[in-house]
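You will see two complexes here that share chain A, one where it goes with chain B and one where it goes with chain C.
Then we have the complex of A and B:
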């Protein structure tokens, strides 16, 4: 979240799209309804009318996979009707930057496409430069190649008519939503967009979310109270795990994973430390060397010295375009490019798309280690229906995991609050938390290395590794230590003392931090700030709903990110009745500002978007794999043969593995005419591995269902509660029909398109509840993230009298 | 003055936190249920579910979807007809706690015959009592009397994340109910309070009872 949970109450319009907030984040609705109490309009855009829709002012059904069309239409509407917050856009976005002459967009494809490798070369997306290397800026927006004009041109195709045809939303409903939400473009009003992980699950997932950010920038809704782009995260600690680089392409603190082209630390730092010609840009990433060296120091301690590049050579380096996301891992297993592995915190044989492939792939492993609370579809894969266990060679080790209430530590919530939780009881039986599995395991490896030697011993033996796992010790290491005596202000910090804030991290090896974003979370002066529970606040903070003394949030306890964008160049809040920060002539009141500098117009003043090299937010974003402007493409499995935006049906660069492409329905395939979307539900958590073993939750949602309209049910001769067989190009799946008015047929490009929805929580390990919905879903992936398109694929269905999976 | 619960269904998201928390607090085992084409499960109150959330949907004349949620439980009537009937057979089988207004089925209900229990169920205007055929006892919501006596609020109220449920002195809850009703009526002109003068568990409903449950009011 750019903002935080409580801040939702400050919104004038809550647009929930790509999320079923009430069902999947039940507590969020405390704040959504608080906004409604304060007079906000609540809008839900989703294929299905859900418990979220029930509590919103109104719901608008959208065909799954057409979000960019819907949002692109809103961009056009904003530009046509001049609903943007002009001062904000001029000051704080790259609307005035001039794009280079080589950039073009034609027939749905951007310049620089390498069709063979399905990759863009982004060179032609660069901004035009002056002789001194600075970016050409056109503050008058007269140059046809300035971002503002390119934006206008790009979205000129997104008319109400075309958007309506593709999304299935009537023009009347489009105008209704656009009018209400775009009214928040006024400086004294704020709108928020709530989405969740489902929005990422498209081959255009990243660009969908980017489009929403562009809308919020045009409306001046980023950095203000009640605004923002708010990703609703969950109990799985998605926020914390991403911050700490669970994903393969980054290392902690959102720094790039070292790659083959950066063989030395210098090369890495040069490539990953941006520069700017704008003196008003803080260019925060110029600090990358301090954060990277401090990270290396946190990993390797005294063994990391300037002379050995602080241990950079001990890090693995990915090939330039290598993708080691989990779907690559599965494909590697299938093709016998790996022999074994560890699975923690995920149930691939249940929760991954195109799961028949996943299940088969794991059969190829010699060994597999699973850490689980209960035996899962993954840990017991060789017992799955239709498979002879004797014929599967994999040796599986099941490590019993402690439950969350059996361990202590921190979780970072959606609002980036670091919150400590205590252990309620000791782990039962032989169960252990992950720390107590991994620390001794690695110590065993280190012991073997010491005794017997081995390949490349330096990283294994040089890293700082404790004898025993203690959660709070890691919390301190994440914050970071001084490794030599350093004077900060008037105070001398000694080796072994905690670093007070990331401003003190150094590139010379005198400091360490396992994640620069979290430096200041645990200090000598205040201890473990994730344990703070003090509701004290100033009157301004009380109005905003900010509790600066309750827990701690990154960065440096800033509760609303980009908050310098909530004021004009003189430091005056756009909305004086609800200011986030206020310049009092000497310093800022309210929230912790994005840097201490004075307002932009004053000497030494800085631009608000400090994480971008040039200090402004990117309406034109040349950093993505699939284009600088989001563009509508159909899902890989689509009920359409063409769409009105371009000749390019699907993204030209979405990712896939050859194996996946063998089983894909044709566009508008008569064999598979129905759109399937999949989702979570309140009663089961993710794939259901834990909650299906919680009898009271299984009682509330016992078996797999497929939600469908009365119209489709009638067409297929299906009655509510009947058994149904669903088939896609990849597999089949039984479910119970839930015939409902909450789903209705769409009219898309003049033809009727039915959409059905299914949860993915039910699997064969729980008897008679049904088996994985993901046997139907498709293995096609976003080019930026390799996240699967499990929100839209094609199926057919028919009534089934005799069910075998559900009883 | 007894205590009351206000349940504002226009704030309910049917997360079923109350349904599950009720089971957990009372240590009730799970029923084996089946998917029959609705999210509502278990389908009805039973000895192991003293509170369930009912789901009902319809399309209105403008083709707008309405999905109503009814977190059902005993209303703890001011003058409970169940107690009147039980008293005729066995004094003390059903009692009313003067301090809280809680209507309680005691262990002595096990001595009632199945027919007596059926008569008690039939006299309840809200169709709440259910007989546990294993123990012979009559079951229903006990107002979390153990929690109330320990100075805590009922577990369903404690669990509700959206503020759909409020608990307090009856006079305060009646006042809050009127205040909420006035506000809700601006969006839902047909909104009303279900039998507020007769019960301690007061529902605020957005539209006619048939769009919730036939026993939502009497």
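Then we have the complex of A and C:
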């Protein structure tokens, strides 16, 4: 989230799209309703009418997979009617930058496409440069290649008519929603966009979110109270686990994973430390060497020295384009290229797309270690329906895990607040937290290397590793320590003292931090700030509801990101009645600003988007794998043969594995005419592992169902409560029919398209509740993130008299 | 000043005193309060383990046993409220159906689980990690560049881990040279 949960109340218009906030983040909705009480308009754009829709002023049904068309139409509407906040766009975005002469967009494809490797070469997307290497800027917006004009041209195709044809939203409804949301383009109004995995799980997921960011920039809604792009993150600590990079392509603090082309630390730092010619840009990432060296120092301690590149050579390096995400592991396992693995607190045999493939692939492993609270569809995979355990070779170790209140530590909520939780009771039976599994396990591995030697033992033995796990020791290591005596300004810090803030981190090996974003969370003066429970606020802060003394928030306790964009170049809030920060002539009041510098117009003033090299937000974004402007493409399985935006039906660069492409429906496939979307539910948690084992929750939601319209049910001869068999190109699934007015047929390009929706929480380990919905979903992936397209695939369905999976 | 739950309770007891002075008989109320199941229990602050709203929760513990859970009314985000899952926390912890209580082992081609000790289990896993790493570790790629990586083992999970556990996991994975690491950011 750019903002945070409480800040939703400050919004004048809440647009919920790709999320069913009331049911899936119920307590967040307290703040959506608070906004409504304050006079905000609430809009819900979703295929299904839900309890979120019921509390909104409008529910507008949209065909799953057509979000970029809807949002692209809004961009056109904003530009045509001049509803953008012009001063904001001119000052704080790259609208005036001139794009190079070789860039083009033709027939749905951007310049630089390598069709063989399904990759873009982004060279032609670069900005035009002056002789001194600086970017050419056209403040008058007269150059046809300046971003503002290219933006206009790109979205000129997104007319009300074409958008309506593709999304299934009537032109009147489009105008109504566009008018209300775009009214927040006025400086004293703010609109927020709330989304969840209804947006990410598409082959165009990243670009959907980028389109929303572009809208919010045009309307001046980023950095302000009640604005922002707010991901309602699902998993309990998915903010923290992403910050700490349990990911193949990044390392803690959003730095790049080392790759083979960066053979030395110098090469890594050179490639990952951006430079700028704009003196007003803070270019925060210029600090990358300090954060990287401090991370290496946190991992390898005294063994990391300047002479050995602080241990950089001990880190693994990926090949240039290598993707070692979940789905590549599954595909490699199926082809016997994996030996073994660890699955902790996740249930791939239930929650992953095209789960039949996942289940089969795990049979090819020699061994599997699971850390779980309950035996799951994954740990018990060798035992699944229709499989003879005597034919499955995989050895499985199932480690009993402690539940949340049986352990202590911190989590980071979606608004980036760091919250400490205490241990209330001892873990049941012999259960342990993950720390008390991993620390002794690695000590055993280290002992084996000490005794026996082995291949490349240095990283195994040089990694700082304790004898025993103590959570708060790691909280401190995340914050970071001084490793030698350092004088900063007038103050001398000694080896072993905690680093007070990331401004003190150094690139010379004198400091450590396991994650620079969290430096300042645990200090010598104030101790563990995640334990703070002080509701004190200044009157300015109280109006916002930022609670700066309750817990702590990364970075440096800043509660609203990009808040320098909430003021004009003189430091005056765009909305004086609800300021986030105010320049008092000497310093800033309110929230912690994005850096201490004075306002832009003053000497030493800086631009607000400090994480971008050039200090401005990117309406034209040359950093993505699938194009600098978001473009509508159909889902890989689509009920359409063509769409009116271009000749390019699906993204030319979405990812897939050959195995997945053997089982895909054709465009407008008569065998699979119905769109399926999947969702979560209030009573069950994601794949359902924990909640299906809680009797009162299972009683509240006992079995798998499929929601369908009365029209579709009539067509198929199905009544409410009947058994149904759903089939996709990949598998079949039983469910109980829930015939409802919450879903209605869409009219898409003149033809009727039915959409059905199913939860994915039910699995075979809970007897007779149904089995994985994900046997139907498709293995096709976003090219930036390798996230699967669970929110739109094609199925057919029929009445089934005798059910075997549901009883 | 903002009222916290504790200041509210303080005010309440002052009010009770006033009521007593005014002649109201509070015997029944006091007797009822003593029968509350959280009487004498320790309050421990935790965080609901489901979505990333991260509602704060108070766990009531007496004699090492969980007596009750409720939303933390002082926490500015949830202000004491919880959803159906959060409200079911107490039954989730006290109900042991299906909970794995000991390390379990399933041998190749076996049709059953066996209980094992932690020490045996971790020894077995450590052996397999080392054997796989020594056999499969790749110091150079096809182009001859130094890559020092292990591709044949993977790590999946988890956003259920605390930040501290995440850093333990990442440090372990990096020290082994594993490059296949992923979690629910992608599901």
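Convention: the second predicted complex is superposed on the first by the 804 of 807 C-alpha atoms of A that agree within 3 Å, B and C clash if a C-alpha of one lies under 4 Å from a C-alpha of the other, contacts with A are read in each partner's own complex, and residues count from 1 in each chain.
The rule is short, and it goes like this: contacts are C-beta pairs under 8 Å (C-beta built on N, C-alpha and C of every residue); 3 or more make two chains touch, one makes a residue touch a chain.
Model, not experiment: these values are computed from the prediction.
K.L.:
Applying the touch criterion given at the start, work out whether A:51 contacts chain B, chain C, both or neither, answering first, second, both or neither.
P.N.:
A:51 contacts chain B only, not chain C.
K.L.:
Who does A:216 touch here: chain B (first), chain C (second), both, or neither?
P.N.:
neither
K.L.:
After superposition on the shared chain, which partner residues are touched by A:683: those of chain B (first), chain C (second), both, or neither?
P.N.:
Once the two structures are laid over each other on A, A:683 reaches both partners.
K.L.:
Looking at chain A, does chain C or chain B touch more of its residues?
P.N.:
So, of the two partners, C touches more residues of chain A.
K.L.:
Contacts for A:696 in the overlay, against chain B (first) and chain C (second): which applies, first, second, both or neither?
P.N.:
both
K.L.:
May I ask you to decide whether A:2 touches chain B, chain C, both, or neither, giving the answer as first, second, both or neither?
P.N.:
Neither partner.
K.L.:
Could you tell me if A:504 is touching chain B, chain C, both of them or neither one (first, second, both, neither)?
P.N.:
Touch partners of A:504: none, neither chain B nor chain C.
K.L.:
With the two structures laid over each other on chain A, which partner does A:354 touch: chain B (first), chain C (second), both, or neither?
P.N.:
After superposing on A, A:354 lies clear of both chain B and chain C.
K.L.:
Please indicate which partner A:374 is in contact with in the superposed arrangement: first for chain B, second for chain C, both, or neither.
P.N.:
second
K.L.:
For A:27, is the partner it touches chain B (first), chain C (second), both, or none of the two (neither)?
P.N.:
After superposing on A, A:27 lies in contact with both chain B and chain C.
K.L.:
Which positions of chain A sit in both the chain B and the chain C interface?
P.N.:
The answer is residues 26-27, 30, 682-683, 695-697, 700 of chain A.
K.L.:
With touch defined as at the start, can you tell me which chain C residues reach chain A in the complex?
P.N.:
Per the stated touch rule, the residues are 2, 4, 44-57, 59, 61, 64-66, 69, 74-79, 81-86, 88-89, 91-93, 95-111, 113, 118, 121-130, 132-134, 136-137, 139, 141, 143, 145-172, 174-187.
K.L.:
If we count contacts the way the header does, which residues on chain B are in touch with chain A in the complex?
P.N.:
10-11, 13-17, 19-20, 23-24, 29-39, 41-42, 57-59, 64-69, 161-163, 187
K.L.:
Enumerate the contact residues on chain A facing chain B in the complex.
P.N.:
Listed in rising order, the residues of chain A that touch chain B are 22-23, 26-27, 29-30, 33, 49, 51-55, 57-59, 682-683, 695-705, 720-722, 736-742, 806.
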